[in-house]
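Same chain, two partners: chain A is paired with chain B first, then with chain C.
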Partner chain A sequence: MARAAILSYIKRNSLVHELTGTTKLIFFLAWSVASMITYDTRVLSGMLLISIVVFKVSKIRIRDISIVLGLAAVFLLMNNLFVYLFSPEYGVELYESRTVLLTIAGPYTITLQQLFYHLNMTMKVICVVPVALLFIACTDPSEFAASLAGIGISYRIGYSVSLALRYIPDVQREYHNISQAQQARGIDLSGKDKLFTRMKNSVAILLPLVLSSLNRIETVSNAMELRGFGRNKKRTWYVRRKMQRNDWLTIAFVLTVLIVDLVVTFWDGNRFYNPFV
Partner chain B sequence: MKKLSVKTVVAIGIGAALFFVLGKISIPTPVPNTYVSLQYAIQAVFATLFGPIAGLLIGFIGHTLIDATSYGPWWSWIIASAFAGLVIGLVTLKLDINEGLDSRKTVQFNVAQIIAHLLSWGLVAPCLDILIYSEPIEKLFVQGLVAGIANMITTGVVGSLLLVAYAKTVVKKGSLNKEN
Partner chain C sequence: MASPVISFQDYGFQYMAQAEPTLRHINLDIYSGEKVLIAGTSGSGKSTIGNCINGLIPFAYPGKSTGKLLVDGKDAEQSSIFELSHTVGTVLQDTDGQFIGLTVGEDIAFAPENNCVPQDEMKQLVSRVAGLVDIDHHLEYAPHELSGGQKQRVSLAGVMVEDVKVLLFDEPLANLDPAAGRTTIELIDMVHERTGAAVLVIEHRLEDVLWRRMDRIVLMNEGGIVADMPVAKLLAGNLLLQHGIREPLYLTALRYAGVEIRETMHPEHVGSLVLGQEDKEKVRSWYHMLRTGIHSEQYGQELLRIENLKFGYTADKTTLQDVNFTIHKGEMVSVVGRNGAGKSTLAKLICGFEQPVSGSIYMDGRDLKGDTIKERAVRIGYVMQNPNQMISKPMIWDEVEMALLQSGMPKEERSRRVEETLKICGLYPFRNWPVSALSFGQKKRVTIASILVQRPQIIILDEPTAGQDYHHYTEIMDFLKELNGKGYTILMITHDMHLMLEYTRRAIVFSEGRMLADTTAAHVLNDPGLVEAANLKETSLYTLSLACGIDEPQVFTECFIGYEQKEVR
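Up next is the complex of A and B:
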């Protein structure tokens, strides 16, 4: 079984790495919200430009994340294709004008408006990708729970998240072991069997995995209970860092972007920037 | 919000790890680019065992991690995943698997998961997609329906089998007999 392409923490010395986890989390969330709200081409191009600059600053190389970028590209391509297949005239409807460039067959024509809609839709996703990748690649997982607590989320939930991050490699290893043991007994999940057989076979792997996970839950929660987890309203974090000047500047910057985003997008009462009318 | 017990906190963490690992493993189906999503079966089992909040957070954390490590988060579907866990947990709240599993309970589990996936992928995900991404409605509902039905079948088959097998391993109350 080939190892799945998983993005993880990459340690480097850069301005982005120096920021506290809380700052990066706020940046990431505000950025997602900003890109979700707007459909304005001007705002989206600005955001795209900023995210590329941030990516440069982080010293993460394209090579480090090439697999992930490839996945994103495939995902976007499929999505664009489906949108076009289902409604080739959607852009015309949105932008209330029609400029035909090319006729393929039947209802499938290529209009300038449709292309513009696809461009916007793609930019909307692309401008979040670098920020999301950087958030994962530049935040130390052990700082993650502390940063969740930093934005006011209950430390219990923060602890759940860091437990998840802590146990992903263990669960992965266990899955791998169980699946190899079952394969040795002739249980197969690949395309050679019928779909229903494959599903039934998956139970043979999942059941030991679930049972051992339930045991693990028992052990870990007993250990945490013995150490008095959840006794107090608050807890402190060893990895938590003090907010520096740069942190406040970053937060101020991203909030400004969010406000500009809202103002520019809704100035004319429409989410879409329409250059056609 | 009621305080989460230590056990729920750990169950959410490890449940989300399972959700993530299974989400990264793909079992191909005859339809191109579609995979059996085993993670929803696990989510349903954990929501039944540990309650609605656990189901919600396992979906939310697990799905966010899957998306963030592959192509950036697609929030509408993340929220739909979380919502599915919440609904399954709520409907099966009174279902005590540790007391044994009969056919009535299995049916109830399946009703819960069918309602949950119908609402999540038929309603929540497409509506949020329209709101956030303004994609054409026809595409979203077809996509949601396909995903929803696939998840229902996976959860129905794999989830039920897991639950039955799990219930067999639990020692029931009063299972010891006094020897004469």
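Up next is the complex of A and C:
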């Protein structure tokens, strides 16, 4: 099937691709921690800027990952909506001031403080998304398990994750085949039936899919054991690359960002940057 | 004599979940450098023997063993699957499933990685072993970029990298087309020569394995060894037939002609066969007796017509083109060609899973263009290769009823149809059984029943007998033949040449997305040009007939098939 996987490794020649998987993983983790901790608009703006630059450098194009970006946008929107619905006055509490811009109905008013809070929340997500996507799109899947092992995670876990990733296209293909054959037996999965019927129908595809996946797992685990997987506490890696100068520079850079982030954020004893008082 | 590298001594084994032992009183010695074939039907215990040697038993499949098994002089029970993997390298049946690495190089390196071999050393090792099986120019390739035969080379390299003393092949031919199967046997032979390891092949496709010399055959039945002897001796007797294994076709033909098979004839291979003048005369007179009886069959009116069909998954790559043929009512036709020739794509187009770029498909003279999958399904039934991919209800009755439920048919009508279909398929006594209680062959019947219940005019089957031993194969095919006799039109996609030859008169041949021929099944395999172009394999009947001085091998093959159908069944 020629259908591309939704999110997978995209081979290009770029500085980001040249970094080892371990470096990219450390970068991604440190970056996520940094953006999770802070609500400081100044720090977030800086990180956002860097994210965009890194994305440019990677030579990955927006349309390569447009589906995932779309999903992330929808998720972000929903998140904002629900935060507003459940606590429309949260920003007022945080920033200890209240500037009403518009009154909708009942408790729902739009305040400048709430909007500012939403802006910060959104920026946090936007900072992380490109870096997370780049980690997946620029890391050769072969190197994935090795990079997890590189930061001290057991190679068994690393290998299970990378095998799971690797079988996604296979399972997608199988799903496609099974669903075609089931449609030929009158099971309609297009939008014509009622939602409940459609849900019941999708079970008709999932059951065979699960059974055949279990079969696949048995074969793979036998094949792995027969070739000595799990014999030793450690293992070596055919594809692991040596850390280069750029790797160390990148790690030093992201740690600096993390430290600056912590210092700026907690300097005044508050995670939030407050321009209102 | 040196001590054996594998030695079973009054060995028995019982799986934890089973009431009866699967292996009983096995006494078998395998010596270094030997090449041994283990044959037997499914359920005979042949795969269990393999799993005992490589340590999957008891490591992955626990159970109780009796007697003794020594691998390289050590008691297998005392050692681990890891220790055994240094001595025994196993190539599993499923070449896709055992491809662990993401590229060829990584996959070959998998075992050394687990042994903590340093990276530089590992790279050298991988390139040396890859060279041994001629895959060293593909180290960067991903599995989906390789052909079935190439994947097998990778699997082989992946176990040879350990420098093992025994190479174990578990049904290496199961999913391969005939030409790829032949290459595999040649590859195994080459590796045997280059490494000197003992080679154990577990397989029921005897004629294909014997393409290269084997030292002896171990024949299994119901958990015991019924024969352990040189190939020629076993072929000369009739133990194979008694135990459900198909003997090579040329030997069957000789027996039909009244020729006695003797060890001295070198019956291992059709090329090595030595026939006396008297034997040849017997074959010729048998042939002349039958030749007069050949008649052509008449078929009904046109049912399915395909015109100038063209298709590609992407705009710049054509998967199928210039396809033209007509299927008549009541016909049973094979669609043959190597893996990836476009056979399955054709089925998908007919069923409406994919839309052609150009060309048309007519059913009863009406263009199917624009009909949905569901609309076509009422007239065209499609049965997938693996029944486990189709069955989605736990109970047989529900599974067969499913398509009718969807169509909103009233209850009485529905029950009547399901009952009738179950009777046709011989499943009526099992109607309230769970599907899980059935054998593979019976499951296949259930999937066919679940399609038949919609009363399609034509049934398309994808590899109906893939991976089945002779017994189940015959069971499935006789059933299809019976359905055909009841007036169902059947189109079979297959790369099994025996199947095509035995059960269908007509065959449509594909190669690289083009239709090469539309002719009689016997003609396909007796036209060396066609065999070559479609990457098929001529049958041994072809060679036999020429050896006996019969210059119409095609007619000889037809006579043979006709005789089998009339006299033997």
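Remarks
Just so it is clear, the second predicted complex is superposed on the first by the 259 of 277 C-alpha atoms of A that agree within 3 Å, B and C clash if a C-alpha of one lies under 4 Å from a C-alpha of the other, contacts with A are read in each partner's own complex, and residues count from 1 in each chain.
Throughout what follows, a contact is a pair of C-beta atoms (placed from the backbone, for glycine too) under 8 Å apart; a residue touches a chain by one contact, two chains touch by 3 or more.
The shown structure was predicted, so the numbers you read here are calculated from the model rather than taken from an experiment.
Contact with chain C, but none with chain B, is seen for A:N215 once the two complexes are overlaid on the shared chain.
Of the two partner chains, neither chain B nor chain C is touched by A:G152. With both structures placed on the common chain, the touch criterion links A:L71 to chain B but leaves chain C unconnected.
By the document's definition of touching, of the two partners only chain C reaches A:S142; chain B does not. When both complexes are overlaid on chain A, the residue A:L207 reaches chain B and chain C alike. Ranked by how many residues of chain A each touches, chain B and chain C are led by B.
Of the two partner chains placed by the overlay, chain B and chain C both lie in contact with A:E225. Judged by the touch definition given at the top, the superposed model places A:R240 against chain C, while chain B stays out of reach. Of the two partner chains, chain C is the only one that A:Q180 touches; chain B does not reach it.
By the touch criterion stated above, A:P107 is placed in contact with neither chain B nor chain C. Residues 162-163, 166, 203, 207, 211, 216, 220-221, 224-225, 229-230 of chain A are contacted both by chain B in one complex and by chain C in the other. Within the complex, the chain A residues that touch chain B are 4-8, 32, 36, 39, 68, 71-72, 75-76, 78, 82-83, 85-87, 90, 94, 121, 124-125, 128-129, 131-133, 135-136, 154, 156-157, 159-168, 170-172, 175, 189-191, 195-196, 198-200, 202-203, 206-207, 209-211, 213-214, 216-217, 220-221, 224-225, 229-230, 271-272.
Contact residues of chain B toward chain A in the complex are 1, 3-7, 9-18, 20-22, 24-25, 27-30, 33, 36, 38, 41-42, 45, 49, 57, 61-62, 65, 68-73, 75, 132-136, 138-139, 142-143, 154, 157-158, 161-162, 165-166, 169. Taken together, the chain A residues at the contact with chain C in this complex read 1-2, 141-142, 162-163, 166, 174, 177-178, 180-188, 203-205, 207-208, 211-212, 215-216, 219-232, 234-240. For chain C in complex with chain A, the residues that touch the partner chain are 54-56, 59-60, 81-82, 85, 90, 92, 94, 97-98, 100-103, 105-106, 109-119, 122-123, 126, 158-159, 162, 313-314, 348, 351, 353, 373-374, 376-377, 380-382, 384, 386, 388-393, 402-403, 406-407, 450-451, 454.
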